[in-house]
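Before I ask anything, let me first share the structure, which is written out below as structure tokens.
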Amino acid sequence: ACGDNTTASNSGSNGSSSSSDTTSSSTPISGNFNGAGASSQQAAVEAWVAGFQGTNPDAKIAYDPSGSGAGVKTFLTGATAWAGSDKALADDEVDQSSSVCAANTTAFDIPVYISPIAVVFNLKGVSDAGKHINMDATTIAKIFDGKITKWNDKAIADQNPDLKLPDTAITVVHRSDKSGTTQNFVSYFKDQAPDAWTYDLSENWPNSVGQGAKGTSGVVSTVKQADGTIGYADFSAVGDLGTVAVKVGDKYSEISADGATKVIDDSELDSSVKGDNRVVVKINHATTTEGAYPIVLVSYMIACPQYKDTKTAEFTKAWLTYVTSSDGQKTASQAAGSAPLPDSIAQKDAASIEAIKTK
Amino acid sequence: MSSQEKAAMMPAASGKTADKVFRVIAYACGILILVVLAAVFLFLLFRAWPLIGGDQKANSQTISDFTGGKASSFWGYVGPLLFGTVLVSALALLISFFVSLGIALFISHYAPKKLATALSYVVDLLAAIPSVIYGLWGGLILVPAIYPFWNWIATYFGWIPLFAGPAASPSRTVATVAVVLAVMILPIITSLSRDIFLQAPRLQQEAALALGATKWEMIKLAVLPFGKSGVVSASMLGLGRALGETMAVLMILSPGLTYSFKLLQASQNQTIAANIAAQYPEANDLGVSVLIGTGLVLFLITFVVNYVARKITEKKVA
Amino acid sequence: MGQRIDVNHLNIYYGNFLAVEDVNIHIEPNKVTAFIGPSGCGKSTVLRTLDRMHEIIPGAHVKGEVLLEGKNLYDKDVDPVSVRRDVGMVFQRPNPFPTMSIRENVLAGVRLNNRKISKSDADDLVEWALRGANLWNEVKDRLDNPGIGLSGGQQQRLCIARAVAVHPQVLLMDEPCSALDPISTLAVEDLIQELKGDYTIVIVTHNMQQAARIADYTAFFNLKAVGQPGHLEYFADTTTMFNNPQNEEAERYVSGRFG
Amino acid sequence: MMADLTQDPKASLEGAPVIDFDKFKPSRSLIASRKRKDAIMTVLIALAFVVACIPLVSVLWTTLVNGIKRLNLNFLSYNMTGVVGGNPTPSGGYGGVLHAIIGTLEITFGSMVISIPIGLMCAVYLVEYAHGGKLAQTITLLVDVMSGIPSIVAGLFAFSMFTIILGPGSVNGFAGSVALSLLMLPTVVKSSEEMLKIVPGDLREASYALGVTKQRTITKIVLRTALPGIVSGCILAIARVIGETAPLLMTAGYIASTNINLFDGKMTTLPVYVYQEYSKLSANCPANATAACVPTIPMERSWAAALVLILIVLILNGIGRLVAKVFAVKAER
Amino acid sequence: MGQRIDVNHLNIYYGNFLAVEDVNIHIEPNKVTAFIGPSGCGKSTVLRTLDRMHEIIPGAHVKGEVLLEGKNLYDKDVDPVSVRRDVGMVFQRPNPFPTMSIRENVLAGVRLNNRKISKSDADDLVEWALRGANLWNEVKDRLDNPGIGLSGGQQQRLCIARAVAVHPQVLLMDEPCSALDPISTLAVEDLIQELKGDYTIVIVTHNMQQAARIADYTAFFNLKAVGQPGHLEYFADTTTMFNNPQNEEAERYVSGRFG
């Protein structure tokens, strides 16, 4: 409508969609469709919407990055076609979904967006020189628990013989709002440094160390504002801050999208989850795959296998198909810096999507 | 005279019904205010009901989930939030009160007329600057800029518990937020106080001057006493704004859940409003109930503050 | 033509406070009657009962009768709005409507009552009323200028024109000259003399010479003490009142003024 | 040149105490200290002004400098659909705020339509009908209290009301209007009340004395005379709410495309847009991106939208002043 | 004892507007001088230049001299605050400080000058000033009541007491009775007569009889047309002014009033 940027066939000057075979539907989708949920997916969804509309120019898709919780809540009221969420559905949410999905089916979630979480820092003489710092899980956990307070602490220095570390105090910066990023971040500690990190797993930051900031943007700008800060943020938001190389096996692995794909590829699915068609990744933080980067955020899309409205079903099927296609994943990685889904996951996703009934 | 007479004597359309209808509408609108406030209270209460009447175990689970296990009861959760809210707003009011009075007096009694008109306009405009913009400015510009100052305070006045160091860097602290809120409410208090000072009766001001009072003595004799209750209610309006400010706090403050007066350190306090905004997007149904419960507490607090202030000014006037 | 007013046993209250007690007075048609008396004795209060303006004040009410040509204004079936159309009023401070032009001010009584009036009728009415108020020559070239742009005396005459334009039978004036300078005062006094041919005029004044100059009859109100109700002390034709009053209080007041 | 001690006691001063006026004479040091105090207060007051100017100028300046960069016609005439990462759109821009401007105007208009008539009539009730009775006192008190309602509580209220009445998940612009009208209402009532109060009682009496009914006196004289003030009050009330973010995030949501239906579907407003773009902080540019891809574009959009918001407030103020001028009480003498 | 005032070639401006032109007047000590004239001719304006109250209006300034016992008030080194201490002023409408008691109102000016006044000194002064203002008997039992609780005439006398308490040499009064009823007016007039023993008194009035009753000298101000500057038309002792003025304008004005 009014003011729309012509939904061009590709997403900008260096757009990528070479073909659209992957979206198998012969008749283009049309109508208004809504989604809401994780803000982490926002940049990717914007790219997907643009890409999807390239082949389905009459489909109007709106995404409200209101947050995972709000997204799922809204989805469970039936107001949206799908939800984006940084965590898999809880059991009671699966139960509730039967009232929204048709024919007593229950909602399912599939991973669509994988993004490495960077441990960012700002340290004069190191980060501004473009250097990384090596750390293992225990060191990171101790820093974030306030047990290591100086940058030249022995624990850090030992792992970074090449760096001259100053005697600067460490200021930890964490999310102040409830966040999937936080949960994914600390779950890495729970798996890899259980002795150094004894808090319960939660989307809220558990201790009072350092400073809290609202949203990824808040964390990044806070880290930027002072010397000696360290925080965690979605890879795409890192900018020119320094990043920590994380110990994987015997080596230190710098952050990269590929590294995130690798760790997911090396992970198993959680088979204990309730409900059908669900694809829930149990991230293998202990991976030793060369080049893998274990701190990742896996974000899901949540949909129904059957909808009360066929048009919605048709749309959702086509939409998810596009999103999980290699084309869609490539678009997202260009627009949001995310890691493409490994083939193993993409296949599982495809099987679940196939289950959506359009007739 | 006949034509005039005709004009004057023509029967008037009966205004009696219109009179009645108008009167009823006016009454209804007056009463509507009561209804609206009651509705606010009731709807919030209704949505917060699971907190009171619902499964208490689930509640404490939700709350400890919100706080990372730091609190598990509603009051244990609201307490520090309430403390933080009051602390931040009171500080903001303290900072802006005197400055606002100064500016208001400057505009009403010191500045030349042209400058005063221009300033009034600017102040009115500033009162309308959206809080997100203060949030942006505070978070991105002020926080790094003010650190040296806080550091200086912490170094030299650290012996005062309020200013106990080390000053957090970056300064996402209660002190910084209070400054931003003070800047935000400054135009409101200024603009209302200025209006009142401008209304201070000329006669009494002239009487004071004619007695040989200096300008400041004149202000003390004839302007401030006159403006007292108005200034108090302007401040209350400012305080109310500060109590309820969301975005600026959300975007600047590093929150914490303690009863702490350490203004220069991060992660000490959080306000109710900012907390709602921070938790709301990711909250489930029960979580929303808890948040609305805290909102209800905030509502009651602003209610009480305004009520008390109002009663105080009433007494002073009487 | 003016109408006769008879006030019988009128007690006037502000809430529970009896402000004026047992007034009995007979106001002749087409004459000027002046109310004089010390401040707070109830002159304004009595005046305002004559067109039911008194009851606008919350809690204010009266007991007793005010007969306009024999008809009690305070009868149940009488609409105060229509009483006020028959009895015009002019106030102490000139109060033209600030949002209106001179012309609109004159027409206000007609227009505000939603009466339709043709342009030519309106023009006639404006001219007639302004001439009646002795203002026409001064303002005829600027009828569309704002009414408050006039000088104080002109404003007061404009208010008189406005009152006259609804064609009342009685004209009440509450200290109409007290905010005016002497020259404007004279203009208004002259006007009052002329108007009494058409209207019954009641005027409150604290200026005894004014009363002496313009009134046919004078009523002297008094009060025993502050907080006590005021009352009508003495009523007489003006010559008697000022030269040979048969009432001690009145004499003291009248002569004290000149003392 | 002061007191004369040897004066004759006069008749009325019979029995009056004899006063030694030297006692009350200001000492030289006191005169100096009074002067000093006066000077100090003058300096302090001027200083208060200067001190306050620093942050306020800084806010405006920052917004202007950062906002002007992306503020152009393209920014004003497009919405955010089809904007991917830091890449330019086919029209050569980087997305815009058209949808947010429309949303802001509609939602604000909605709240005006709700709160101005109610607020005005409530003020009429308080000033013209109630005469300070019990009910009126209660209402006045509650209006004061209401002006302290935190905006987030207003948001929660509108959200609760709409979810309870219209069922869960109902997010639309009108819910935002309701939330905002709750915030506007007390300002409208208070400012209108003030304005009605300063309409001289004379004018009402003049009108009644002409045999005009109360309703017509109020609408044609009182409201008309107070109109300029009422308009400025309403503008102030609008300015108060036009920048609200938190309640609108809850009630009206966010959408990238233009929605012109206030009653259905999400609606973006400028403050929410500012916040959303701030939340993005930066956009991704792939390794092989051209220079046309701007990674800092979200913050730039955020500042530009903030500037647009300030400009709208400015324009509104201008309109208010104009209206006030047009309807102003004609020139004083 | 009162002091003598000499005004030489005084031009008074509001911004660029010349309000009063070339005033030359010599005001005798311990006498009452009245200023009369039509509205807008600048009586108040001239009066206010005598204690430098004029300049508190933004843009207002003067050219020329005002000598108080030979010392020019408008000299650079003169502090207006101290001028106002020596020259007291009473205004048209009574303006007691509303937050203060009667006692505090009387002491308001004195307290500015001297903060450490013993209670007994203060009591004496209050009594002296209130007696001087003819108010003592009426209020001696309720000195701690608020000043605005008094009636208009009492308030005006309270204001006079307040002005007198700082023991000025000159007392300026701008239509001090115009808001008062006749009885209060009389009280204030009596007071003025008594006060002139101690002060030089200048009074503005639009009531010519008042001038005739109380003034020793009368200054008649006039203006040629609205928008033109006012000027001092004629200055004479009061008897001459009212019985045998040597100035045509003054005669017309003075007699017009009685016409």
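Note that the chains are named A, B, C, D and E in the order they appear, and that numbering of residues resets to 1 at the start of each chain.
By our rule, a residue touches a chain if its C-beta (ideal position, glycine included) is under 8 Å from a C-beta of that chain, and two chains touch if they have at least 3 such contacts.
This one's a predicted model, so the numbers in the text were calculated from it and none came from an experiment.
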In the contact graph of chains, the distance from chain B to chain D in steps is 1
Going by the stated contact rule, which chains contact chain A and chain D alike? B
Which neighbours do chain D and chain E have in common? B, C
Of all the chains shown, whose C-alpha centre falls nearest the centre of every protein C-alpha atom combined? D
Taking each chain's centre as the mean of its C-alpha atoms, give the chain farthest from chain C. A
Which chains share more C-beta contacts than any other pair? B-D
To the nearest 5 degrees, please report the angle of the rotation taking chain C's Cα atoms onto chain E. 180
List the centre-to-centre spacing of chain B and chain E in whole Å, with centres computed as mean CA coordinates. 47
Between chain B and chain C, tell me the centre distance in angstrom, where each centre is the average of that chain's C-alpha atoms. 51
List the centre-to-centre spacing of chain C and chain D in whole Å, with centres computed as mean CA coordinates. 45
Mean-CA-position distance for chain E and chain C (Å): 34
Of all residues in chain D, the ones touching two or more other chains: 34-35, 211, 213, 216, 249, 278
What are the residue numbers in chain E that touch two or more other chains? 81-82, 85, 112-113, 166
Note: chain A residues in touch with at least two other chains are 39, 66, 73, 221
Can you name the residues of chain B that touch chain E in the complex? 112-113, 201, 203-204, 206-214, 217, 221-222, 225-226
Quick one: in the complex, what on chain B touches chain D? 12, 15-16, 18-19, 21-23, 25-34, 36-37, 39-40, 43-44, 46-47, 98-103, 105-106, 110, 119, 121-122, 124-137, 141-142, 179, 183, 186-187, 190, 214-217, 219, 233, 236-237, 239-241, 243-247, 250-251, 272-273, 276-277, 280, 291-292, 295-296, 298-299, 302-303, 305-307, 310
Chain E - residues contacting chain C, complex: 38-39, 151-153, 180-184, 186, 206, 208-209, 226, 253, 256-259
Hey, which residues of chain D end up touching chain B in the complex? 34-35, 37-38, 41-42, 44-49, 51-52, 55-56, 58-60, 62-63, 117-122, 124-126, 128-130, 135-136, 138-139, 141-154, 156-157, 160-161, 163-164, 182, 185, 189, 211, 213-216, 218-219, 236, 239-240, 242-246, 249-250, 270-271, 274-275, 278, 302-303, 306, 309-310, 313-314, 317
Which stretch or stretches of chain A touch chain D in the complex? 1-8, 11-15, 32, 34, 36, 39, 42-43, 46-47, 49-50, 53, 60, 62-66, 73-74, 77-80, 215-217, 220-221, 236-237, 239, 331, 333-337
